[in-house]
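This is the structure, below, for whatever I ask next.
Chain nomenclature is as follows: A, B, C and D, assigned in order of appearance, with residue numbering initiated at 1 for each chain independently.
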Amino acid sequence: MLDRRCEDMAQALDGVQDGACIAISGFGESGRPNMLIKALLDRGTRDITLISNNAGEGHMGLASLLLAGRVRRLICSFPRGAMQGEIERLVRAGVLELEVTPQGTLAERLRAGGAGIPAFFTPTGFGTLIAQGKETREFDGRGYVMERALTADFALVKAHRADRWGNLTYLNLARNFCPLVAAAGRRTIVEADEIVPLGAIPPEQVITPGIYTDVLMQSQPVPDAAWPTPEKAA
Amino acid sequence: MLDRRCEDMAQALDGVQDGACIAISGFGESGRPNMLIKALLDRGTRDITLISNNAGEGHMGLASLLLAGRVRRLICSFPRGAMQGEIERLVRAGVLELEVTPQGTLAERLRAGGAGIPAFFTPTGFGTLIAQGKETREFDGRGYVMERALTADFALVKAHRADRWGNLTYLNLARNFCPLVAAAGRRTIVEADEIVPLGAIPPEQVITPGIYTDVLMQSQPVPDAAWPTPEKAA
Amino acid sequence: MSRLGRSAIAARLARDIPEGWHVNLGIGIPELVADHIGAREVVFHSENGILGMGPAAAEGEEDWTLINAGKKPITALKGASFFNHAESFAIVRGGHLDLCVLGAYQVAANGDIANWSRDADDILPAIGGAMDLAAGAQRIWVLMSHTEKSGAPRILERCAYPLTGAGVVSRIYTDLAVIEIGPQGPLVTDMVATESPESLQEKTGAQLRFAPKVATLEDIADR
Amino acid sequence: MSRLGRSAIAARLARDIPEGWHVNLGIGIPELVADHIGAREVVFHSENGILGMGPAAAEGEEDWTLINAGKKPITALKGASFFNHAESFAIVRGGHLDLCVLGAYQVAANGDIANWSRDADDILPAIGGAMDLAAGAQRIWVLMSHTEKSGAPRILERCAYPLTGAGVVSRIYTDLAVIEIGPQGPLVTDMVATESPESLQEKTGAQLRFAPKVATLEDIADR
């Protein structure tokens, strides 16, 4: 039987080591796998290269990894938010390195990584600071920047419904980066609101085919109090 | 009111001129817009550059355009089928020029065209005849071929359900090239089995967002007898 | 009528959006444009994965899986569609949006726009989706105040701040004027009654040309 | 037992596919592999947009929107998913398939495969999805007869026919042997009882090595 379900978090995160490159789904808090993020925080993994559109907000969820100094390098499009003073402090202290990429380019780089495309050309950022140090090229009279694909050792994804083959659906706009991150991860770990019987998701409605899911866990909410307070985190 | 519906075929095909580049959806006969193909045939348009995965089968549907000598250039992955003797005759006679590209590369080139990516690198075909005359390049020790995007002046697409904004769904594997062709066409003309009220397609289940649809028509089956017989066609 | 308020600029811009367009409104002031579309069916895109975005969610009815690019809770209209971020930016970059309305710090006479940072050495460069929108939409219209609070011009021969996109802006709507950016540079088509060509030029850091008939820019805000 | 029949080769190959793999079976003979998977849950991919492809549709129950890459009517299993061609080949090219089984005209000692044309100047080159599959899947196993009908070898130092993919084949299943392609070239792991290393080498156009214990290749077809 092909069964991606897993009930043991240590087993789910098996192999996640210091220095790992980890892509995390979500836009704002929508589509964010907070249970898995909390487990990653508890695991104590350090020197993470984190791929995520945002840096998180406040001290909970995604931000907790940054505030605890676990992230060595952040690849994102928007590193600002409620705790941007802290992020700025980490960058100035040399604890955190930032690679900021336009949001559409970030999405396309992840899509390319999952799709076996090592590099592509995009008009985004041509003639701006983003193009500095990158190969540029003209096609049919217009300038483009060459961008490289992104893949990750691990992908952490939040889904709405899932079956044991790992087929996934997402609620509303919680879809955002989820299918891209799922495909770009060499090992993709999913937490789903609801695990349904095989066949319960009609084939036309599957958003992420099961082939991308390596581990599937039942999502559990993380109580606010479970996250380190800003003082503890710092 | 935003309403893509159209009942007049002449209006739907307005602007389709000799020499146009036309992309047509479908894999085999699945997802093939036969009503629109028949109208294009009746219109008498010549010197078409046709983008389609297959060349068609027999003398009906897609193949009728080729057999009638309307296609100057065919960009496809698989030009063989029941009428391949005829296709071969057209190629030998210099009537038809072929550009054969791997199927996944064809799909990705159309996807790139719709997505504003002018070129990308793919491992497909590296070290084969397909790479001849194309730029190749190594990334991380592996060889890749640079492929250019495909766009079309017109896209003809077969959908299952559609609403007046042009949102589309497809039945089963009739999806195939449809969303790619729809996005790669500067003017996208759709025939749908069923036109439903706005809101009848849940937002999560829309496969092609309406932004890609320019004209929407109610699909009507084309009787076999309506197609030119092979003798007439030749 | 002297300077227009933000809502009035948004209303003036909204008047130029025809029914049936697919439009992305940048985060912040451009979002006000949606309030002035009236009965026209315009399909709004938000880059986090929706076409057919409706008004803000009513208080108490927020669904945090349904937010806009500014992370505020929204609603979805009948006819809406959802898609992932790569598909969303394929729409943007592929030139499928008829229009994107952006705010800006500065716009140059050649259509360059600077709207993401006032500092090229910004330690937290926050680009988001602005560069993709600037590069991708068929038209970029900028909605901004004509000058800095200090009076310093924001329409310049060259942007001093780091660019979001090069040569992409086709129209600027300010509190003082509506300006087309064409191959020959900025052309004023509308201007508030209290400005003269000379006074407007004084507030502008790029050489202006004026249309044969400059329309009077008035507050047409419908609310 | 001399040469294996096609079904027997397919059965032998099928034995090596573990439960849970995602597998694409090339058009033609490789499709026979599906008949020999037994109770194992293996997820079959067809490049026209399905994972979880089931058996051929029963006569009279064909649905022409549900066909495989060979354009034959199929069924979809519980757990199947549908996607467009770009997404389907993203699965292929992105290395997500555990295995692709291809037929071939020729395979070379370095893993080159030629399976789409016997003529580099083919006037109707019909590539289809083979080059993408060859370049993309984690493993390429070839299922073919060991020699041409004429007796000419098909496993060669270099392919004479135009390549489908360069250096991609990791295993060959023929009617006479199972051969691993490693960094040191072809290694015979299984062989029919009627062949000796010398006789097999005679039928092969590339230098063979033999595993310390070569297993006997037998007909294990379960139907």
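Everything that follows uses one rule, which is that a contact is a pair of C-beta atoms (placed from the backbone, for glycine too) under 8 Å apart; a residue touches a chain by one contact, two chains touch by 3 or more.
What you are looking at is a predicted structure, and each value in this text was computed from that prediction instead of being measured.
K.L.:
Looking at the contacts, which chains touch subunit A and subunit C alike?
P.N.:
B
K.L.:
Which chain has its C-alpha centre farthest away from the C-alpha centre of subunit C?
P.N.:
Using the mean of the C-alpha atoms as each chain's centre, the farthest one from subunit C is D.
K.L.:
Provide the C-alpha centroid distance between subunit A and subunit D, rounded to the nearest whole angstrom.
P.N.:
Computed value for the inter-centroid distance: 36 Å.
K.L.:
How big is the gap, in whole Å, between where the Cα atoms of subunit B centre and where those of subunit D centre?
P.N.:
Their C-alpha centroids are separated by 30 Å.
K.L.:
Taking the mean of the CA coordinates per chain, how far is subunit C from subunit D in Å?
P.N.:
Distance between chain centres: 55 Å.
K.L.:
Which residues does subunit B have that touch at least 2 chains other than itself?
P.N.:
As it turns out, subunit B has residues touching two or more other chains at 108, 111, 115-117, 122-123, 172, 175, 203-204, 207.
K.L.:
Quick check on subunit D: which residues sit in contact with 2+ other chains?
P.N.:
Each of 50, 76, 82-83, 86, 89, 92-93, 135-136 in subunit D touches at least two other chains.
K.L.:
Once you've mapped the touching chain pairs, tell me: line, ring, star, complete or other?
P.N.:
Drawn as a graph, the chains match no named shape, so other.
K.L.:
Looking at the whole structure, which two-chain pairs count as touching?
P.N.:
Those chain pairs which touch are A-B, A-C, A-D, B-C, B-D.
K.L.:
Taking the touch rule as given, give the residues of subunit B at its contact with subunit A in the complex, in rising order.
P.N.:
108, 112, 115-123, 139-140, 142, 144, 148, 169-170, 172, 175, 203-205, 207
K.L.:
For the complex, which residues does subunit C have touching subunit A?
P.N.:
It comes out as residues 46-50, 63-67, 71, 76, 82-86, 88-89, 92-93, 112, 120, 123-132, 135-136, 162-167.
K.L.:
Tell me, which parts of subunit A touch subunit C in their complex?
P.N.:
So the residues of subunit A in touch with subunit C come to 27-31, 53, 77-80, 84, 87-88, 91-92, 98, 100-108, 110-111, 122-130, 143, 171-180, 207.
K.L.:
Applying the document's contact rule, which stretches of subunit A touch subunit D when the two form their complex?
P.N.:
1-2, 111, 113-117, 163-165, 167, 183, 198-199, 201, 203-204, 206, 209-212
K.L.:
Under the touch definition given earlier, write down the residues of subunit D that touch subunit A in their complex.
P.N.:
It is residues 19-20, 22, 41, 43, 45, 50-52, 76, 78-83, 86, 89-97, 135-136 of subunit D that touch subunit A.
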